[in-house]
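The structures come next, written out as structure tokens.
Two complexes are shown next, each including subunit A; its partner changes from subunit B in the first to subunit C in the second.
The block that comes next holds the complex of A and B.
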């Protein structure tokens, strides 16, 4: 008897790429704004980045319906936390919460590839990178999504940070300045857009530093 | 299908009491299951689509002074290396270590959960849990999820009142007590070195331990073991972390990038 493949799948891939880079006192999170399905474009202006807390921003690519559900859940949990503890959640705390939230759907996963960017309790930039079921790690930079295989080697080359496992413990954050990091991100996306059909249209860059959150946009190729 | 959700119970006290405004949100978390007719097929499909992070070599052995644990640090998703710096040795608590092999998320989550259970045991019984007990707790939870597609191959290494302890626990529900184990895609290579060279390793380790605090000059045998088989297995690499458990404390011995040994390079004709 031949294997029957289901005609309907609960998942879809809406494409897109996200990047986050941690600096000494800032964090840059960026994502393109194209939402696609198969070979069609659904929207040229869909934001994949959400502010979860004052010091924490999440960018997600993958299946945007699952991303939307995940964002709603995290926002609700953050609100409960604020009521119970009378303060905002820190980025490491949000990192653990996201990991657990993803793992609770271990047998019916959120098809969402996330990067969390923000400032830790000391004010240093931190980036957490996730797989679809919640395995996570604090890193100096990361990219997820359809263009990540194109961007990651470039970031490895430019930002190679010492492994967090080395002794003595060395800083994973990049010594680049904020403006240089933003420039690097723009370069990454400009190149990824050339070779990845799911990345393009517009780039949304969110910079988190001690002065707060600052957003900027850059046009990318629309084809 | 009834799942053992005792592993998730510990979070329920954090939720508000009796407020029914948003019952789904405040209910104790449980694993949502897909409503498909063929569960296994669905799990296989998700695994193929999502390509969870895995691929590993870890090893641990008991020797005179304690337990030595070593692991590489690469995580792969399909053929793509998703990370070169994964911490595969997880501190369950200050006197117990767990290694990660198989699904990264599965190992991270269940080790953290085991840490919670061990702490609750300590508070309830006013004494630390034994390695036997901790490994049994983990094995029982994993057994209840047997067949659901979890991928966990872990070693619980610890120090309790009976001395050093080492157990191998996997997601099929297997649990073995032993003195040396290696788990992961690179384990066959590790076993080769571990099984043949162990007596001379132990001798070298003893003399090395005498110079414990002159770390930069020591040639770490477990590091050599790991490096030897990292060269043969594509799935691991980058750096290896070696931790040692010695009478209730954990010491990080060595953590350095994998590099080709000069002698081996010369034997291959490079200079």
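The block that comes next holds the complex of A and C.
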């Protein structure tokens, strides 16, 4: 038998971790800024968070080229929406659009793991979490990417959310204040960076509330 | 007895049948458990009065860091140390084994161990195992014939060099050596260059990280600088801390002792001769 060459793959994994937490009147979305492949760092300052609408941001990890293509497509679709309706898309609408966009490529998926954070029509924080082919759910908090297995159990412990099966439906938003949520996110990333080699360099935090949007940064381990 | 001509291999040497079996199983999708690898940057250089070895302290298992502060500079003899990269169990086992052989050899001869002795024992072992013992080593020491530095590859080939690097961070570290190394470095210059090379590995190679270990060996003296540099402190600690509520409810505290099934009789019959 001749030796088989490893098949060429259209996909790469560029690592990275994303977290989003929804509160009563705010939404915190965060991601590290490291982009890597294999054992190499490609960039220490690459933003994974993009603003899709006035009250909607998306954090994505996975394969950077697919993420870029997905962001471009969503931006174009949002522009068409603005021309047709003369308003910004709401976060729940963007959530559905993202799901449809991902499922459209069901058999050659975008290799991207997304969380969508924003404010809904009542001004409440909302988080949507996705898999690569568009299965999605509105939740109170979520984590995606290479460090998600380290962060998610900690969030589950700190922010236990009500079962989505309960009737009447319960609010999934977390009881924390905005400052507490930001501190929780910082702890998540400082800890994930200790143990996940693909998370590090810098943390970018985007806070959405009634005053608008603001970004802040925190240094992470660089090794 | 009757089939021995078929069962027993006709020639000497090791049997690698199990390795072939493992390859076959892996191809069919039965994968072995993953081992702890030391992704690793390890280096060594010769300076004016001896040898300096250096290593990072991260051990990984896939993308997860399983030890943030492990020791990769292993003791071989009082005047010889050895940095190890590869599967952690292999580097530890092979250095321990050879270090024990060297100790026995010293008892037998009453002389200091030589670096070439360690080198020969290591390469013989690794060659015998055809690369299946996954240890890449940087061996350094000072003996009666002067300072020596060697690298040993998993298949058993060796190099003798004035400066050497190994592991996944070897390219990053070698970049520093190639640009800054010169003959006759002082001790302080040598340590600084080793630290720069290890840091280059720590920051540019994801398999390497955490702290810098250094070992300086000179004639009749050695200095093991464990955690010589700590360039990666934790970046955030919540001032308020976190509580983890105990959620498991205690339902029962009664303890039922196990009833003895066998009665032991003292002073039974004595056993037959």
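Rule of thumb we're sticking to: the second predicted complex is superposed on the first by the 217 of 223 C-alpha atoms of A that agree within 3 Å, B and C clash if a C-alpha of one lies under 4 Å from a C-alpha of the other, contacts with A are read in each partner's own complex, and residues count from 1 in each chain.
As a convention for this text, a residue touches a chain if its C-beta (ideal position, glycine included) is under 8 Å from a C-beta of that chain, and two chains touch if they have at least 3 such contacts.
Remember, it's a predicted structure, so these values are computed and weren't measured experimentally.
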Sharing subunit A, do subunit B and subunit C clash or fit in the superposition? fit
Examine A:46 and indicate which partner it touches, taking first as subunit B and second as subunit C; both and neither are also allowed. neither
Just to be sure I read the superposition right, which of the two partners does A:141 touch: subunit B = first, subunit C = second, or both, or neither? neither
Tell me the contact category for A:131 with respect to subunit B and subunit C: first, second, both or neither. first
Touch check for A:187: first (subunit B), second (subunit C), both, or neither? second
Which partner chains sit in contact with A:196 here, subunit B, subunit C, both or neither? Use first/second/both/neither. second
On subunit A, which partner touches more residues: subunit B or subunit C? B
Look at the superposition and give the distance in whole angstrom between the closest pair of CA atoms, one from subunit B and one from subunit C. 5
Of all the subunit A residues, which ones make contact with subunit B and with subunit C? none
Show which residues of subunit B lie in contact with subunit A when the two form their complex. 8, 16, 22, 25, 29-34, 36, 41, 43, 45-46, 49-50, 52-53, 73, 75, 77, 80, 82-87, 103-109, 148-150, 238-239, 241, 252, 254-257
Contacting residues of subunit A [partner subunit B, same complex]: 3, 6, 9-11, 73, 76-77, 80, 99-100, 102-109, 111, 129, 131-137, 139, 149, 163-167
Touching subunit C in the complex: which residues of subunit A? 15, 36, 38-41, 146, 157-158, 183-184, 186-187, 189-190, 193-198, 218-223
Listed in rising order, subunit C residues that touch subunit A in their complex are 39, 58, 60, 63-65, 68, 168, 202-210, 231-232, 234-238, 240, 242, 244
